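Order of writing sets the chain letters: A, B, C, D and E. Residues in each chain are counted from 1.
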Amino acid sequence: MNWMLLLMPALPLLLGLTLGLGGHVQAKTLTGAGLACGLAVVIALLGTDGLRLDWILLGTELGVDGLSRGLLLLAGVLWGAAAIHSRTLLAGEDGRRYAVFFLLTLAGNLGLLVARDVATFYLGFALMTFAAYGLVVHSGKAEAMRAGRIYLILAVLGEVLLLAGLLMLAAQAGNTRVEAIGEVYRQLPHPAITAGLVAAGFAVKMGVVPLHVWLPLAHPAAPVPASAVLSGIILKAGLLGWIHLLPLGEIAVPALGQALIALGLFGAYYAALVGCFQQRPKTVLAYSSVSQMGLLAVLVGTWLGGEGDDRLLAVAILVFAVHHGLAKGLLFLAVPMIQRGVRPVAWLSLLPVLALAGFPLTSGILAKSALKTVAPDGLSLLLTLTSVTTGLLLLRFLRVAWPESQAREPAGRHELLSWLLVLVLSLMLPWWLATGDLRGYSLQWSSMVDGIWPLALAGLLAFVASRLLPRWPGLPEGDLVAPLERRLIGGGRWMRTRLERWRSPSAISTQDDSGLPAERRPWPEPGITVGALLLLLVVLGLAWLIA
Amino acid sequence: MMAGLDVYALAAAALIGLGFFGLIVQMHPLKRLLAVNVLGNGVFLALIVIARRLPGGPDPVPHAMVLTGIVIAVSATAFGLALVRRQARDEEGDDE
Amino acid sequence: MLTGAGIYQALPLWVLLSSLLAALLVFLAGEDRNRLRITVNLAAAVLKLLLVGVMGYGVLQGHTFLVTMPILPGLDLVLHADALTMLFTTLSALLWLVTTIYAIAYLERRPNRARFFGFFSLCVASTMGIATAGNLFTFFIFYELLTLATWPLVVHNGWPKAMAVGRMYLRYTLGGGVVLLLGIVWLAALGQSGDFVAGGTLEHLAPEHRTALIAIFLLLIGGLGVKAALVPLHGWLPSAMVAPAPVSALLHAVAVVKAGAFGVVRVVYDVFGTSLVADLQMNTVLALLASFTIIYGSVRAIAQTDLKRRLAYSTVSQVSYITLGVALGSPLATIGGLVHLVHQGLMKITLFFCAGNYAENSGIHSIDELNGIGRRMPWTTAMFTIGAFGMMGAPPLAGFVSKWYLGMGALQAGAPWVLLVLLGSTVLNAIYFLPLLHRAWFRESGEKAIATAGEPGPGLLVPTLLTGISALGVGILAGFPLSPLSWVTFIVGQEYAP
Amino acid sequence: MSDALLPLSVFVPLLAGVCVFLSGGGARSPVALSGVLLSLAISLLLVMAVGSQGTLDHALAGWEPPLGIRLHADGLAALMILLTAVVGALVSLHAVGQFAGKSEIANRFWTLWLLLWGSLNALFLSADLFNVYVTLELVTLAAIPLVLLAGSRQSVSASLNYLLLALFGSLLYLGGVALIYGMTGTLDLQLIGERLPAGGWPVGVATALIVAGLLVKAAIVPFHFWLPPAHGGAPAPVSALLSALVVKAAVYLLLRLWAGPLQLPLSAPWVAQLLGALGAAAIILGSIQAMRQPRLKLVVAYSTVAQLGYILLFFPLAVASAWQGAVYHGLAHGVAKAALFLAAGNMLYHLGHDRVAELRGMGRPLALSLGAFAIASVSIMGLPPSGGFIAKWLLLQSALEQGLWWIVATVLVGGLLAAGYVFRVMRYAFMEAHAGPSVDRAPTPAQPLMVWSALTLAVLSIVLGFTARPLLTLLGEIPLGGG
Amino acid sequence: MIVVDTLAALILVVLAWRCLLLTDLFRSIVLFIVFGLLMALAWARLDAPDLALAEAAIGAGLLGVLLLGTWRAMGSPDGDHRQPGRALQVIAAGGGMVLAVLVGIALHQLPVSEQAAGALALERLDEAATQQPVTAVLLNFRSYDTLLEMGVLLMALLGTWLARVPLMESLSGDDASRGTELLPVALRVFVPVMLLVGAYLIWAGTHSPGGAFQGGAVLAAAGVLLALAGRLRGDTGDSLPLRMLLVLGLTVFSLAGLLLIPLQGAFMAYPPTLIYPVMLIVEYSLAVSIAITLVLLYTGSRGLRRGPA
């Protein structure tokens, strides 16, 4: 059983690495991914003891705890669905390449989910991050390339910040185990700095504003299944990182906590608003993710600040994460079908939309309740109001995604299958994972009301706005990134010309190779003369010196 | 200090100086050979001047040295003259 | 006289001779005896590997290996083997074998092979000498021999450009040799033999000869810094890439730069000793120098459009990790530095093999010619990817382990600013490596890629795979008892043992 | 009886030369070769005798000094005799190839060379100031006809210049000897040391004349003009002998005089500094000139000018380790330079020219000779492991011990400059050929004997890096006052 | 007498001065010959009759004809008009003066040694084979120098051969017979006399001024005279007998020294009973070698043969 912990990430990893050896790409990939996801679900459901592998890396330790079990389950489901969905892509051009990166990303993701030590976690995280680049740029279009570039820049930045934090932890206690993180932080002279670095490192993945800019670019650029896992589970890796590697519930870092809360809240609003002015459904969804992750950041910030109940927070975060992952994954999977006019899918997609909006009886209400129960008191209004912006955003999604033509195209078998799988689970899993208290609370009447009125308000606002503005304005995807990019690229170019002009020493003149050195004769015969004269000098000097 | 008044000592010194001077200012190899010989004679003279100071008669050791020196100088000069002839012949060959 | 025990004890000598004699044989065999040459080369490489293996076992068992030959009064030629020696010899022996295979394939049907392989073996022999040297004098002998043995390799192509570079190479390395010699002789003039003894031997001189010691240290480091490519003594390295690919690989991974770095290690640990270095405040100087080199090399690498040049500047940067680790002086940093000696070797040799494959197979020299090559040469490109990520320090690759320990060590040594250097370097590494990978894997196939039929022959590919996988392996299996990391931990344990 | 070896080591080669002269044999003359073998044997016996019994003295004709002449063999002399024997024997092998088919030239070569060998041994063993003059002339007059063997116009004018300067130098020396005899009444080195006044003009002038004369003979900058054309123009074996041995003779005398009779005047600080400065100038100027020569043999010849400078660096240092360093440098340079000249000669033989820039692409056909050149160059550059390195190490160490930084700098820079001219040659050899080999005539590959003798010498120059201990033991202490 | 000495010294210096300063080569050579003769006179004045003899025979005589012959062989150039720059001349003159002054001072201040080797030589003259001090030094006390000097002669000759421009080889018979009618007569008278004188001088070396060198020189002079007259010609080939004669002195001298080592334990030490005959043999062989070498140095040729009478 324990070995499954290793097998699960190792299987797609090895498959991915050896895919070049030949064999049928589709079959291999699907089998590998399927097996891995199956294992993930099994492990998540059954739980397991830890596994120590001293020989691997810096002493690897694998295992799961409550939170990671939940996320592992989510991962299993989403990756499984994505794998099924990917069949068409695998058959296409560059399918082999896609398969490799898909499997590697999967391996990284699963690996980090079961990692119990800092180095292994970092390994999984890095593997996932860099392999996901392959998914982002897969289409090879300029848009994808740009998205990939920005993704990579931010990813490297995140990695570096993270590594700095991790090294600080490691310097204290070597390759720290996740359980002992709090202990290590206590020994650190400046825990806030380390925590800050760790938080910032994962914040990139989490899309915390202003580090979110890659998300709205990467999601639309990536193939559908990739977007689904990206938003559904890969972002959550950042969350798990926070939970594993910040001293949550062990020591309070109030300043950092407050910063996270502030950024989270700001992001929740900001992303939602920017998202309202987007043209493409996947972009809108991406902004939605940013917005939602902002809320998760608020939760983690609260925990980090030392407020709230550990257990409640853990549950809240888990429920929120699973809920969001499934709903968002579902929507991403659905987008192409909706756009192609697959009506049943379109209509059924209202379910996750409503869930995201926190509509009663959906998983969304669970999440919203969880948020409310654990959030600091002063923030409840602000948090509630995020539902309004979320509602607006989702309306915008429906607006841009809803099929305009009557044309109907049948949904692909695998498309549909994967979508249905997630749909079914999305209806159940969050409720299953939630505690009884939470479930009860969510089913209260007041919660229901709280779930409905912001949506209604949003609808009203949207109606008014659409009336007021005949032409809906647009904002560039990735909002902040456009001006930044210009500066960055300009600066890069400038740097580069500077550097190139800085002549490399190998460019030394080679003209000596061309010809002979000038003919130089030995000193001619008058040498005797000069020699004799100089000799005289020596004689004189010596004689005088000795005398 | 007999040597103090010895005119031959002065001559020896002068010959050495002259030989040196000749070696420098003369370009022709024959002349240079002559110059070296003059210088050599200066040195030999100096030796004999020194030999003369021995109270019991002329010191035979410097005499023997000079005799050896003369033979060496002459044979070397003869060789040098052969070289001079060769050089002249080579240059002659050039002119033709 | 030659008892069994004596023969066993003289193992360092046999290790040295195995490639020295190979060099001689190759020279004598001449150009046309292809098969003989290949046989000799491979046999010698395998033999050396075996010998090194036996020696490594012996060192683990605590056996003493010592060969001494008096040269002058108070000046002996000493070959010995300690754990540090084993680290370097093992790396060299392994990579020699691999590179030999690669070179045989690379140089097929090219002229002057006898010369090439002769000097190649000589180069390895010098490296072995450097690794097994028991004092500074012996070290210097092989250090200079290395210069002489590598020059013909650098100029092997015989192009005017190569000759110009060769001259520059000589200016640097011989100049460095002179400086090093000065330091060593000065030490000898102070009555010190410069023996390599863990913890150093010069502490007692500190009160009286403080200035002299500082000067000597700087001279030694200055001399070694040329080969270790410490800025501003690095100029030769990027140019030396005009050499054939196997040479670049060897130069950058094992032989020359490592000789310098290894020398720095010896000087700091076994001649001066860390406490004396710290007492003279030279560790800070060294660390600053190394840090500057790390950043500088990376920045310069960004501007290079030639693949091998970019790799070369990357070497400038990466090799200084070793120096940095040594300079910081804390046990963890030492581990990081030393293990990077091996790790950088594996990664960089992989990268150069790949560059060689690209050049050989597709005529790719420049970075913008890489477009889409990953489709045609997936294995090579995969190995290149491993190498590149390793350089960036991504887990679980070799480079990560080094960086991890260096970072920890920096904090342990109370030099948190080093962390900035490491991270900055990571970023810069990403800046110059990731675009390459992007081009190779994701861009539309360029002309060169389209014209490429597929992977190169096994002679080129297999060594590449071997080293690439090793670079991966030593990272993944860092915790394995015989991994470089474990060796290094063992060494450092000895160094810091009371 | 072993002191009879002293005259024997002079007269065995000398008479062997006479026998060759009489026999008129050519390149492979058995007389000549057995003469070489006998001379080698007697030299080695002498060296062994010195090694086992220490210093040997032999009063010629039974007349003790100051009346008679004394032969004296100490470690220094033994080492020089050893050098002569080893280098000479190997060069002889080379000559067998070089002069094959040229019977008359070969006969002259063997005659002159064996006479030169005897003369050199005579010089090394002499302990008498005037006898030294005679042997110096012997050496010179054997060397110049050897140069002339080349038969070219250049060699004639080079010979003439060489002769003029050599005569000039030895006459100056004789002048000094005259003054010293006048002051001390003796010519024996040891007795002079005991009797020489501590100062005054006569001592000064005498020393100055002697030193100046020897400096000319040793071709120390600025009296080096005659050397490169002479050494560069001679046939290869001759160049090797001249550079390796003949110029050493004069430097050897400087060292011997320093250690013996003229120690006091030569140890005066400024005198020592002046000599050292001349040495330094020789190193720098000679190397720079060597770098600029278009012809290979001239490169090597200028290298000799430079290398001789190292030995002069002994004077300002004047300690035991510097003594060892200077002498060892003499040995190492002798062996290495002989190898260089033979190798260069082989290239000349092969190509018909020795223009450095046209060695392009010649790496393959000339591989072994170039190899010999390269190996010997290691020693010339003073890089390890080689005899040159040991010498440099000793010099550097003593300079550092005394804080003489300018010497340190000179030695180090000298090594770099040497690398400059050596690698200039190697560079061209490694370059790709232009269109085809540039030769003045059809290539004639050097005979194996020529190649292998060069290679053996080259390897010996490396081996010297490992034999310092026994050789320096043989050298022993500085023979102060002895001589 | 001081006047004579002063005059001689002065003339010596003036002659040297003129000899070196004239541009006319021929006159320089003539002046040099005169200079040599005057040197001989000076030697005689300085109680050095051996030197006077040697100088007259070799320094002035042999060298003189050699110089003249060379001058002729060069095509009788009238001189060398290449002039060094004024500055160089001044410097050279200054240098020469400095050198002269240095040597002068040294000679002037030279302390007299209390225990000169020469005094010892005079003391122990009876242990030598000869009563003539200079010969004793040359052939006994410092015989080694003399022996080696034979090597110098041989090598100078070899060098001359290698220069390949003999002075006398190419002279045609006509050239040689251009001499006056008196020459054959003179030859018939002089040559036997010179041979006799030479032989005597060699023998005389044992007790009065003279010896192998002087004798050899006189013999050589006879040879040169014959050559000048065309009776003796240079030959292109060297014969074994000639070669043997050339090295006779060197061989006999060194073999005598070497072979007798077992008897006396030292090189060139002879048992008292043998010393005189050995010395005589050595002296004669030396003289023969010297004479032939000098003649050949003059002719510059590889061998000698008889010319037409």
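Throughout what follows, a contact is a pair of C-beta atoms (placed from the backbone, for glycine too) under 8 Å apart; a residue touches a chain by one contact, two chains touch by 3 or more.
These figures come from a predicted structure and were not determined experimentally.
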Consider the contact graph minus chain C; what connected groups of chains does it contain? one piece
With chain centres defined as mean CA positions, report which chain is farthest from chain C. E
Taking each chain's centre as the mean of its C-alpha atoms, which one lies nearest the mean of all protein C-alpha atoms here? C
Most extensive contact between chains (C-beta pair count): B-E
Which chain maximises the distance between its CA centroid and that of chain D? A
Quick one: chain C and chain E, Cα centre-to-centre, how many Å? 72
Quick check: how many Å separate the C-alpha centres of chain B and chain C? 67
On a C-alpha centroid basis, what's the spacing between chain A and chain D, in Å? 77
Quick one: report the Å distance separating chain B from chain E, using the average Cα coordinate of each chain. 13
Going through chain A residue by residue, note those that touch at least 2 other chains and give them in order. 513, 525, 528-529, 532-533, 536, 539-540, 543
Chain B residues counted as touching two or more neighbouring chains: 16, 19-20, 23-25, 27, 32, 42, 46, 50, 53, 61-62, 65, 68, 72-73, 75-76, 79, 83-84, 86
Using the touch rule from the top of the page, what residues of chain C touch 2 or more other chains? 160, 163
Which part of chain A faces chain D closely enough to touch in the complex? 513, 515-520, 522-523, 525, 527-528, 530-532, 534-535, 538-547
Which positions of chain C touch chain D when the two form their complex? 27, 31, 69-73, 75, 77, 111-112, 115, 140-142, 144-145, 147-148, 151-152, 155-160, 163, 166-167, 170, 174-175, 177-178, 181-182, 185-186, 188-189
Spell out the residues on chain A that touch chain C in their complex, using ranges where they run on. 17, 20, 53-60, 94, 97, 119, 122-123, 126-127, 130, 134, 137-138, 140, 145, 148-149, 152, 156-157, 159-161, 163-164, 167-168, 170-171, 174, 495-496, 499-500, 502, 504-506, 508-510, 512-514
Within the complex, which stretch of chain B touches chain E? 1, 3-4, 6-22, 24-28, 30-31, 34-35, 37-38, 41-42, 44-46, 48-68, 70-79, 81-86, 88-89, 92
Residues on chain D engaged by chain B in the complex (per definition of touch): 130, 133-134, 137, 141, 144-145, 148, 153, 156-157, 159-160, 163-164, 167-168, 171, 174-175, 177-179, 181-182, 187
